[in-house]
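Structure provided below as structure tokens; questions to follow.
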Amino acid sequence: MIKEIDQITQDIIKTFKVKEGINHLSGPNLPSRQSIINIITTLESIIFPGFQENEILEEEFLSYNIGEKLLRSCQSLMAEISKSIRYRNQENSNEQSQNDEEASQLTFDFLKTLTTIRDMALKDVNAALKGDPAARSREEVILSYPGLEAITVHRMAHELYKMNIPLIPRMMNEHLHRKTGIDIHPGAQIGESFFIDHGTGVVIGETTVIGCNVKVYQGVTLGALSVKKEEANIKRHPTIEDNVTIYSGATILGGTTSIGQNTVIGGNVWITSSIPKDSLVYNRPAEYILKNRYGQQ
Amino acid sequence: MIKEIDQITQDIIKTFKVKEGINHLSGPNLPSRQSIINIITTLESIIFPGFQENEILEEEFLSYNIGEKLLRSCQSLMAEISKSIRYRNQENSNEQSQNDEEASQLTFDFLKTLTTIRDMALKDVNAALKGDPAARSREEVILSYPGLEAITVHRMAHELYKMNIPLIPRMMNEHLHRKTGIDIHPGAQIGESFFIDHGTGVVIGETTVIGCNVKVYQGVTLGALSVKKEEANIKRHPTIEDNVTIYSGATILGGTTSIGQNTVIGGNVWITSSIPKDSLVYNRPAEYILKNRYGQQ
Amino acid sequence: MIKEIDQITQDIIKTFKVKEGINHLSGPNLPSRQSIINIITTLESIIFPGFQENEILEEEFLSYNIGEKLLRSCQSLMAEISKSIRYRNQENSNEQSQNDEEASQLTFDFLKTLTTIRDMALKDVNAALKGDPAARSREEVILSYPGLEAITVHRMAHELYKMNIPLIPRMMNEHLHRKTGIDIHPGAQIGESFFIDHGTGVVIGETTVIGCNVKVYQGVTLGALSVKKEEANIKRHPTIEDNVTIYSGATILGGTTSIGQNTVIGGNVWITSSIPKDSLVYNRPAEYILKNRYGQQ
Amino acid sequence: MIKEIDQITQDIIKTFKVKEGINHLSGPNLPSRQSIINIITTLESIIFPGFQENEILEEEFLSYNIGEKLLRSCQSLMAEISKSIRYRNQENSNEQSQNDEEASQLTFDFLKTLTTIRDMALKDVNAALKGDPAARSREEVILSYPGLEAITVHRMAHELYKMNIPLIPRMMNEHLHRKTGIDIHPGAQIGESFFIDHGTGVVIGETTVIGCNVKVYQGVTLGALSVKKEEANIKRHPTIEDNVTIYSGATILGGTTSIGQNTVIGGNVWITSSIPKDSLVYNRPAEYILKNRYGQQ
Amino acid sequence: MIKEIDQITQDIIKTFKVKEGINHLSGPNLPSRQSIINIITTLESIIFPGFQENEILEEEFLSYNIGEKLLRSCQSLMAEISKSIRYRNQENSNEQSQNDEEASQLTFDFLKTLTTIRDMALKDVNAALKGDPAARSREEVILSYPGLEAITVHRMAHELYKMNIPLIPRMMNEHLHRKTGIDIHPGAQIGESFFIDHGTGVVIGETTVIGCNVKVYQGVTLGALSVKKEEANIKRHPTIEDNVTIYSGATILGGTTSIGQNTVIGGNVWITSSIPKDSLVYNRPAEYILKNRYGQQ
Amino acid sequence: MIKEIDQITQDIIKTFKVKEGINHLSGPNLPSRQSIINIITTLESIIFPGFQENEILEEEFLSYNIGEKLLRSCQSLMAEISKSIRYRNQENSNEQSQNDEEASQLTFDFLKTLTTIRDMALKDVNAALKGDPAARSREEVILSYPGLEAITVHRMAHELYKMNIPLIPRMMNEHLHRKTGIDIHPGAQIGESFFIDHGTGVVIGETTVIGCNVKVYQGVTLGALSVKKEEANIKRHPTIEDNVTIYSGATILGGTTSIGQNTVIGGNVWITSSIPKDSLVYNRPAEYILKNRYGQQ
């Protein structure tokens, strides 16, 4: 009987009255996940032109191609940023037109950073090509390295994060987290020529600072020692200086922990205090026990 | 030549005769992955109303909105459960109409649990907000925390698991596993206010029992010590009591292993026997070797 | 003003002149990600017929069903392989028709391996059913085990890898990496009855050799000790012999490292040299420190 | 240059300032064509259940199937009617909630007419089956007679027209006009057992009144003699009494023109004044000239 | 209240009990409109290869392209024909496997006619190019003449009609009727080099017989004089011999009416008896009244 | 057997060798129907902004909205025009870059006409509002009058026709022909404030010239007397001067036929020679025979 569905509907709606926080019923819309995914896809095709296209990209028509994509992203991003700002300002009395103006300005400021992001993307591609013996070509890196996509989207999200736009940067990076298993908080500051290999399980926290030419493998955590809410505004995550390599499964924790330049951190190493530059850090070898399964050791 | 394709077709079809088990040619259809994904998406939008919508959700039309979604899910779920039951009963001689009646009853019983699941979802959101210093708002948690989505879908799949419906609960949780890297078996019993941060690589086994206010980080395994098929029906996975926190990469194994309440398990710790309540468990610090890369130690 | 967009467009296009490598503007198209995903999906439905279908697959029409899918894949794969070969040959002066002929031959050679791959898929399904106490049926394994999908697609990608086709095999496996968190390089040689449970974070390197009846859990790395570019063409990853089980989080590194048959590698173990057959390898137990959180130990 | 696009954009936007009427920039949204098409499709599948489905419609699940479709249509229609009312009231100061309440009431009143419309649809199907020697079965009529679809949608649109809802009824009938070439104004009153054969070019004006068992062929116009705007509110189109047949290409004009019952109007006849009942009206036969093409007559 | 929807649902379901004929609830599925549209689209792309493609059709891959499309159509058409046969046989006790075998045979017989249909399509294209001064090229005819598409689909539907397959041929032609306004019954026999210009409103009845090189303009009806159900199995529609041209709006009625070869029928002429060969038939000229609008004649 | 499909494939491919003209196998691609439909849809939403949108169109973001649509259309149109030019030039030796430059110039010239087309669209809307007593508002006209859409798309196609671009203008108008039953050749010259009511079956030939304030009803033909191929380049269709109204079913033929200004042409009138200005032309009244069906006259 549909009457039962009606009953369940009424029961569910009753839970709307008492429970604030997981209904979004009134007020302005929140940013749309699908729009943000579309924006990311379009911006990636500006940064790596010709790699996602089905048709040959003619140089003749290049400025229209890039221009159209920019304008399309611009328009969508303005709308999403505008929602995001309205959400942020909801207790204040800003007028809609003020929000729209701010959204428009922030969008332009963001789009202007794309040339720099393209510069960095090239360096990231080169870092992957250099860092992985299995990589055969730039094309292979661009088409099949999840770490490259994660860092490229992060570089965009980080620009929006710096502009103090809520929700959108996190939604961007979380989209990549779901695609790649690489979880970078948009707050993290990451230098040039960054390479994440394999990447599944990598976690890079909000206040992490990473230098240039850093290489990170799957399962690495750059995390916080403390998870006290009241310390949300201080540096909780480590600093990684230039030319550091961190092998798979290593964990580096703490806002005052710093890994000095040129250091290599071995797999599975657990670090909670600073390491001087030029170090080699690794777990004791041969810690395991080896027995014959059938009794004889 | 298409003749070659014909030859390959004949060769493949020959393999159908001798190999049972990976063809599904006769008998009733199996549950459809796409339908199950659609059902999940609809149910999530009932639990978190207004977060997946592109249009503002007017309170005026709320009962139609929820009612329509419920009825849509109800209808799809009945069809999928009916397939699932037919599959389960295939050797017995139940009539189709009996299966449909059972499917219909199970679907209602399931939908009635949604109000409770909404209650728990609110508590899970609050747990995330409290547990992660980087979380700024409930909206951010709902829009971008994969752990929240994983536990919410798990709570639904677990209800179906308890009803002894085959295939569907596993397909639900596996869908979330693919999206989030968090692998929870639908059999796991998980209490209120559960929070998984980052989450990639988390594995929670079928007979795990978890209390309230438990917090789990990326890469945590709650697994079995034995993988003997004949022990499939006994408790193989650990019990985690209330207020336990388990940091990244920790592994807790065994059906009789119990982690006492208020305990904190440090990162990468490997546990195969019970821990008393109020404990702090962590690996020995500074186990690594630190050398200068260029020879000097 | 759209003038600003125009300015940004011009700025971005300027970066095309100086930066080779991340534009793909001239020359032939690269393989299309979407086509490759479609090919994978179709081939999977040939290997596991009736599992992805919405309609009952009638035996009467089976040869048309399989034939149509084969011809569809054949045609798409030829086109993608043709692009891939053109890309590989771009500096040489091969004619288009020569490339097409080669693409056509390679496609047939590949499709002929599908019967063997179906044989292996059945054995992989049986290995999962046997290896996981939670697995209830072959149907459950096929519908919800990510490790099965990863190994099945790998077996196809590996055939293309052996034919020296660039880009496509990596794109195939990377698609599965994104879906499952399991990162297998298409170069890896993997024997019959392979089972990966849970799988998130598994990494299997290009020159890995794996025997029959091997079982691997989440977070296992079969990796290289050295990442020197000049060693790209030597064996850099380990050999795993028959009947080996490797528990979660274990790391096995190095091209000369070999794990002897029947060996069990415990969770989180870190191995960089060979292990004799019939071994049981595990970390020292109880390495952790256990304190009462409130001061008393 | 994108500058040129910018210039054209500016030029187009300038035309917004001076030209009212073809911009819809401010104020509430208008009804969405796509939503209205979706509503029509859903309602048609309620009226002719099982004809648009890909899956067998089980009687067991029938009430959920119909209920879900009703609720889905209900929700969409409320939203579209609400937009339509806001549009109608835009100069008055009705509050949104008042509009929503009215939309909700009108939607229910409309949905309650569906049982009657189903009754009439059955009679219309039977009229087609009886009226066309080429019709083999009810199934054939429902699946392939455009006239049936046109009259069915008209019967729905007419109910909305009677409720004085602007835009939506016209959009509904115009959708069918585009599909079938049959242009019925939603204002037309049409009795039971109506059959339009072939239908292309049929035009039935707003104030037409048609009795029962009327049959109309392609190219028939039931139109107005006068098109003076100031006569918009008087009856401008003819009355067709019961059991009338009108053959292809006939034109009947004028609000006081009435075709008496049982009358047959021949093809291409042009009528501007009333015809008594039981008439047979046809053009003079053999009006054409017949010559031999090559000179001899 | 959803209760009201429940009430309406119950009321609608009540109408299912008493009204046979417009519910399709039990028994086998009917042919699917969407599948039939897809089949038509695929077959058209076999007949006019390279015109609907986005990518260049390489001769090298041609046999795969055509083969894949044939096999795809073959498989879909078999399924639809099988449903159609089951529908036809529903009172008889034919077994499913018998139906499937018949469907399979009919599908092959049909596909074998495609080469002939391609021959005729070329002649139809040439007829259009020759017959319309505005036609510039074969490409223009294929890309933009609705009459060509209508006759091409008719030639396919007619083959299925001759095989006594119910529903599908009518659904095919009705799809084209909706696209083009040209309503050809699949029973009509139409010779080579047929050209319909503009075409809107053309109706060609079931038992029409048309010779070669016939040209027909918009609004032409080739219809029946009588619409008595009991005459369904006799020839009700006219015969048009070779080289006849019929201008717009002409109506030719009756099963014994024959238009002799080389005849030209003028616009709007109404014919109900046979016309000898080599005739020119036209309405009396200047039948209209011409007045000055402002009183003076 | 798939062998039979192979045989049919071979038979069809054989027909490729001998039959030129209905294969498009080599040479450049032809314009894509789908792209042209998308371009039309986008351009219509520039001309009638806010009518096809689901979201409210904010004035703040208007220039981005229009700019993005323009750039999107610009890019697609350039590509389609480029294909069209290559097709036209296929026997000459123009270089690709020359074609692209020409395509680019033509696209701009076309887009610059959009402001004028918007001016004319407003006048066409007003003509419909004035000309049809049933029209209630501009919104109703824009949302539901097929004649308005037909003339608007024609005005765009005509601009491309004047630039001597092959195929595309015909494909545009034919798309509207299929949607509306109104067949306007892109060559026709049509003045301001043009209104087609109902429209099904209207045909307007290539060399027709129509003045301002002309009103046309369904089934009107403005056609040619002669269809000799060698007269393709002379004026074959009539001239309609300002303020003329042509009622349904009227036919006006011949390149020297001119309908003087202010004239009204009655329904079904057939005209092949010029009519002076200020005329009223209609068929003799009461030409039909009226009998009692049952014998008495």
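Per-chain numbering from 1; labels A, B, C, D, E and F assigned in written order.
Going forward, a contact is a pair of C-beta atoms (placed from the backbone, for glycine too) under 8 Å apart; a residue touches a chain by one contact, two chains touch by 3 or more.
In this text, all values refer to a predicted model and were calculated from it rather than measured experimentally.
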item	value
Interface sides of chain D and chain E: same vs different residues, half threshold	different
Most remote chain, CA-based centroid, reference being chain E	A
Most distant chain from chain D, judged by the mean position of its C-alpha atoms	C
Between chain C and its twin chain F, rotation from the CA superposition, multiple of 5 degrees	180
Selected pair, greater C-beta contact count between B-C and A-E	B-C
CA centroid of chain D to CA centroid of chain F, Å	24
Inter-chain centre distance, chain B versus chain F - centres from mean C-alpha coordinates, in Å	57
Centre distance in Å when chain B and chain D are each reduced to the mean of their C-alpha atoms	50
Per-residue overlap in chain C, given as positions that touch at least 2 other chains	1-2, 5-6, 9, 63-64, 67, 71, 74, 181, 200-201, 219, 249, 268, 283
Chain B contact footprint on chain A (complex, rising order)	2, 4-6, 8-16, 19, 21-26, 28-34, 87, 166-167, 170-171, 174, 177-178, 181, 183, 185, 187, 200-201, 203, 205-206, 219, 221, 223-224, 227-229, 231-232, 236, 249, 251, 253, 262-264, 266, 268-272, 275, 278-284
Chain D contact footprint on chain B (complex, rising order)	58, 60-61, 64-65, 67-68, 71-72, 74-75, 78-79, 97, 100-101, 104
Residues of chain C touching chain D in the complex	1-3, 5-6, 9
Interfacial residue positions of chain D with respect to chain E in the complex	46-59, 62-63, 66-67, 70-71, 74, 108, 111-112, 114-115, 118-119, 121-122, 125-126, 130-134, 136-140, 142-146, 179-181, 198, 200-201, 218-219, 248-249, 267-268, 283, 285, 287-294
